[in-house]
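There are two complexes below, and they share chain A, which is joined by chain B in the first and by chain C in the second.
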Partner chain A sequence: MSWRSKAQLSTMWLILLLAVAAPWLGMYPVLGMRIMSFALFACAFNLMAGYTGLISFGHAALFGGAGYVTGLALTSWGWPTPAGIMFGVFVALVIGLAMGVLAVRRYGIYFSMVTLALAQIVYFYCLQADFTGGEDGLQGIPRGTLFGLSLQSDRVMYYVMLVVFVASWWFIRRIVRSPFGQILQAVRENEPRAISLGYRVNRYKLGMFLLSAGFAGLAGAMKAVIMGFETLTDVHWSTSGMVILLTLVGGLGTDLGPILGAVIITVLEEKMGAIGHFLEHITGVHWFASLNDNVSMINGAIFVLCVLLFRRGIVGTFNARWGGARAASG
Partner chain B sequence: MIASQKSSHTKASHGSGAGAPILRAHKLGKKFSGFAAVEGVDLGVAEGSIHALVGPNGAGKTTCFNLLSKFLEPSAGDIFFRERNITRMRPADVARLGMVRSFQISATFPQMTLLENVRVVLQRAAGLAHQFWMPARALTRLDQEALRFLDMVGLSGQAGQLASSLPYGHKRALELATTLAMDPQLLLLDEPTQGLGHEDVEQVTELIRRVAQGRTVLMVEHNMSVISKICDRVTVMQRGQVLAEGSYDEVSRNPEVITAYMGDAEEGIHA
Partner chain C sequence: MTEIFGVPVSLLLGQLLLGLLNGTTYAMLSLGLAVIFGLMDEVNFAHGAFFMMGAMFAWMGGQYFHLSFWWMLLLAPLLVGLVGLLVERLMLRRLRGMDPIYGLLLTFGLALLIEGLFRTFFGVSGSPYNPPELLSGVLNLGFMYLPLYYVFAMVASVVVCFGTWLLIERTKLGSYLRAGTENPSLVQAFGINFPLLVMLTFAFGSALAGLAGVLSAPIVQVSPLMGSNLIIVVFAIVVIGGMGSVMGAIVSGLALGVIEALAKVVYAPISSTVVFILMAVVLTVRPAGLFGKEK
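Showing the complex of A and B:
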């Protein structure tokens, strides 16, 4: 084992240890769970974007769509929590199949446009449908129980989410390195050659899109259960934009990048008020106090800096500089 | 797999074009928004032969090649592989029939190792291509066979290197190794010696001669010395149509062919 894989492994254990200890170190568990659901969402997005090169601009439909149907199953139908979550994943797969079939034949901006257009259909459906509560959102989703264990306590819910997240992350990592992942790498590196070797590349891309949709749905379903509500924000195109931002800032096509991106952006959004007040305090510039209202501006600035200074994202740049030849996969 | 396919590949047997052609084009045509890049091309590639497609720039060789390998949809005509009409088939399916093409620029998977480059091909035959739940080590059972193909082109020593680190000539050799791993019956080579240095040209030519044992090769090629050395039959194209066909000696003496290549220059001299 090279020093790099050792370093990577120790980083992973360190992150896991921190995540396990976080609620006892004074972190608000709900913030932790929010971060994890966005991180899982970003990992799912990265599975498609990072390993096929196709940037979906419609992942919000999978994330929010799953959140809504999980909420519906738990509130109106009284389903048990695991069944509701699985139903959310199933619906995300169905939406993903419809999107994927139409989109994987396209490349670049056209792929993004097709996914965006289809996601907007889902958005307007959610806006109009009765069960979503329209502008008010779907409120009062019960957390219920998991194998007899009540999920009411934030700490219990936190650890359940942690297990779901770590297991999903591990599985996603395995997919990337699997025989299937190997074919997708070949398709990404030289598609015409992969075709000439007898691979029906669109099927492989569709397969990856479905896997990505499934995990995006899982993230959305978990978020609905955790927060107890589901709103239009999660199916809005800006959520699709956000997941692109998270992944690009962290590092597209890396294992840890999406997690890092989710931590940075979510914490910044959450703590922007406090940061603004702190900056106002030390500089005396009153404008800083209004930072909290301008979160999207800060996100934009981060995005611009990221594109200008470290195009491969934080983890990608780190790997390229210190990671050796196969940096992209780390 | 390869060794067992020893065949009676001799110059005499296939130069005559006896037997049904392995690949046949009938009145093949392709128009690009009105411009006929290829028109009414009839072509037969005899089984076991090395067949070259030549012609001056813009003659339609590459378009013709892309049509035959199904990377372009023809606007007219039919293509038969072993007398089976493949005109409307998808390129990946044509490859599965045993007709594998190469590309003008070397076609490797740059960020994968040499071993992985060949293994990707073996994965399909071994049914190890869609298992997203399996760990990476599931693929190691294909390593032995992949190394064997790398050995055929003299690259087994660099199996662990990334393909992008190879010099150009070796990339072409790696490409041949991956193509061979497909166990193709018909190889379509698009300018295999393009961009190679003098020594590499000889090596790649020798390699083509070797891999053509028991197979059929159709190649687009500019280098006449390569053609004269290894090709059994030559088809000359001009302005999207077939100008002449025959052995290298016949074709190179054909006055029309000479005019096509030297045309304007000679007219200039006579004028």
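Showing the complex of A and C:
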């Protein structure tokens, strides 16, 4: 085992250990769960973007769509929690199938624009449908029970989310390293060659899109259960943009990048008010106090800086500097 | 005959006119995107933010400097064009030769940044912007009262769109542009300053968005958020028309404005999504768009 894979393995164990201990170290469990649902969402997005090179601008439709139907199943139909979550994933798969069939016909930026436009259909549907509560959102989603265990306590919910997250992350890692994932990376590198080798490229892309959709749905469904509400923000294009940002900051096409990106951006959003007040305090410029209401502006600035200066993201840069030959897939 | 499909003709005609008005805005925005895309293979996500800036500049000019609509009609697009020029020179140029997705991501970030900046200073609630004195009257068409300004905005947009088309298809400068779309390195070998051409094209496309913004200012509420939802509709229109096709952008812009309006009459809830549904249909039948060529 090389030095690098040892370092990577120990980083993973360290992160896991920290995540297990976090609620006992004074971290607010709800923040931890929010981070994990966004991290899972980013991992799902990265599965498509990082390993096929196709950047979806419509993943919010899968994330928020699943959140809404899970909320509906738990609130109005009184379904048990696991069934509600599975239903959310199922709906995300259906939306993903519809989006994917149309989108994989196009390459590069076309793919991005098509996914964005299709996600807008879901957004407007959610805006107008009765069950979503429109601008007010879907409120009072019960957490319910899991195998007889009440999820009401934040700590219990936290550990359930942790298990879901770690299992999904491991599974996503297996997909990337499977022959299926390797073929898609070959397609990313040289599509005509993959076609000439006899692979039905579009089917592989669609398959990956579906897997990505399923995990994005799982993330959205879990978030709805954790937070107890679902709003239009989750289906809005700004959420699609945010998941791109998380992945880009952490490192597109890396295992740990999306997690790191989710931690950084979510904590930054959480602390933006404090940072703004601090800046206002030391500079005397009153304008800084408004930063809290304008997280998307900060995200935009990070986006610009990232694309101009830091395209590989944190983990990608680390791998490129210390990682040796297989820098792209750390 | 006063009804078609159970809808009063006057209502239908009125909606058609308003749809055509929206269509001219769509046409101008998708035209700007198409011109930029043709030369650079780059999709400008900040196009909606540039549109918003055009309208906001017009409003600010009136509010703070007491400049008339006519002055702002000239100045605001120039200012937006200048912003576009700087964006191309300072940022996008560094991404030349890379995957165009980075340009899309960069301009997406810029759109968030610009919108956020305007929001911190002007809030999210819109402000009204009055049309100029000269155009504040209304026209009685028998079936509806049409503000004179709407007529002006429609005519002006159509003139600008076809002027741009002529510029690209019929002039020497346009021929450089078209040649650059086909083969940048060959154009450069003939002694044309290609980077300059790209910079000016981007500035021109941005200025078109700014102009569309000024023209829309007296029609809609001027607010920092006015561009962000619009740009996604315009993206869908560009996909329908075929990326990079100038005529395709104009025609599908106008057509979709009208179709949207008709949808509003026939079944209102679908009017906000009809463009996206049409895009899905076009993609299944003609993946390259109605006027586009498969590359």
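By our rule, the second predicted complex is superposed on the first by the 326 of 330 C-alpha atoms of A that agree within 3 Å, B and C clash if a C-alpha of one lies under 4 Å from a C-alpha of the other, contacts with A are read in each partner's own complex, and residues count from 1 in each chain.
Everything that follows uses one rule, which is that a contact is a pair of C-beta atoms (placed from the backbone, for glycine too) under 8 Å apart; a residue touches a chain by one contact, two chains touch by 3 or more.
Predicted model, so just to flag it, every value in this text is computed and none were measured.
Visitor: Answer with clash or fit: chain B and chain C placed together on chain A by superposition.
Guide: By the criteria stated at the top, chain C and chain B fit after superposition, with no clash.
Visitor: At the CA centre of chain A, how far apart in angle are the CA centres of chain B and chain C, to the nearest 10 degrees?
Guide: Once the structures are overlaid on A, chain A sees chain B and chain C at 80 degrees.
Visitor: With both structures fitted on chain A, tell me whether chain B or chain C touches more of chain A's residues.
Guide: Looking at chain B versus chain C, the one contacting more residues of chain A is C.
Visitor: Touch check for A:Asp136: first (chain B), second (chain C), both, or neither?
Guide: Neither partner.
Visitor: Counting only touches as set out at the top, which of chain B and chain C does A:Val307 meet: first, second, both, neither?
Guide: Only chain C; A:Val307 stays clear of chain B.
Visitor: Who does A:Phe180 touch here: chain B (first), chain C (second), both, or neither?
Guide: After superposing on A, A:Phe180 lies in contact with chain B but is clear of chain C.
Visitor: How far apart, in whole Å, are the nearest Cα atoms of chain B and chain C in the superposition?
Guide: 10
Visitor: With touch defined as at the start, can you tell me which chain A residues reach chain B in the complex?
Guide: So the residues of chain A touching chain B come out as 171, 174-175, 177-183, 185-186, 189-190, 192-201, 204, 207, 211, 325-326, 328.
Visitor: Which bits of chain A are touching chain C when the two form their complex?
Guide: It comes out as residues 53, 55, 102, 105-106, 108-110, 112-114, 116-118, 120-121, 124-125, 127-128, 237-238, 241, 244-245, 248, 287, 290, 293-294, 296-304, 306-308, 311.
Visitor: Note which residues of chain B are touching chain A in the complex, please.
Guide: Residues of chain B touching chain A: 69, 71, 90-93, 95-96, 100-103, 107-112, 116, 119-121, 123-124, 128-136, 138-139, 162, 178, 182.
Visitor: Which of the residues in chain C end up touching chain A in this complex?
Guide: 41, 43, 91, 94-95, 99-102, 104-106, 108-117, 119-120, 232-233, 235-236, 238-239, 243, 269, 272-273, 275-277, 279-280, 283-284, 287
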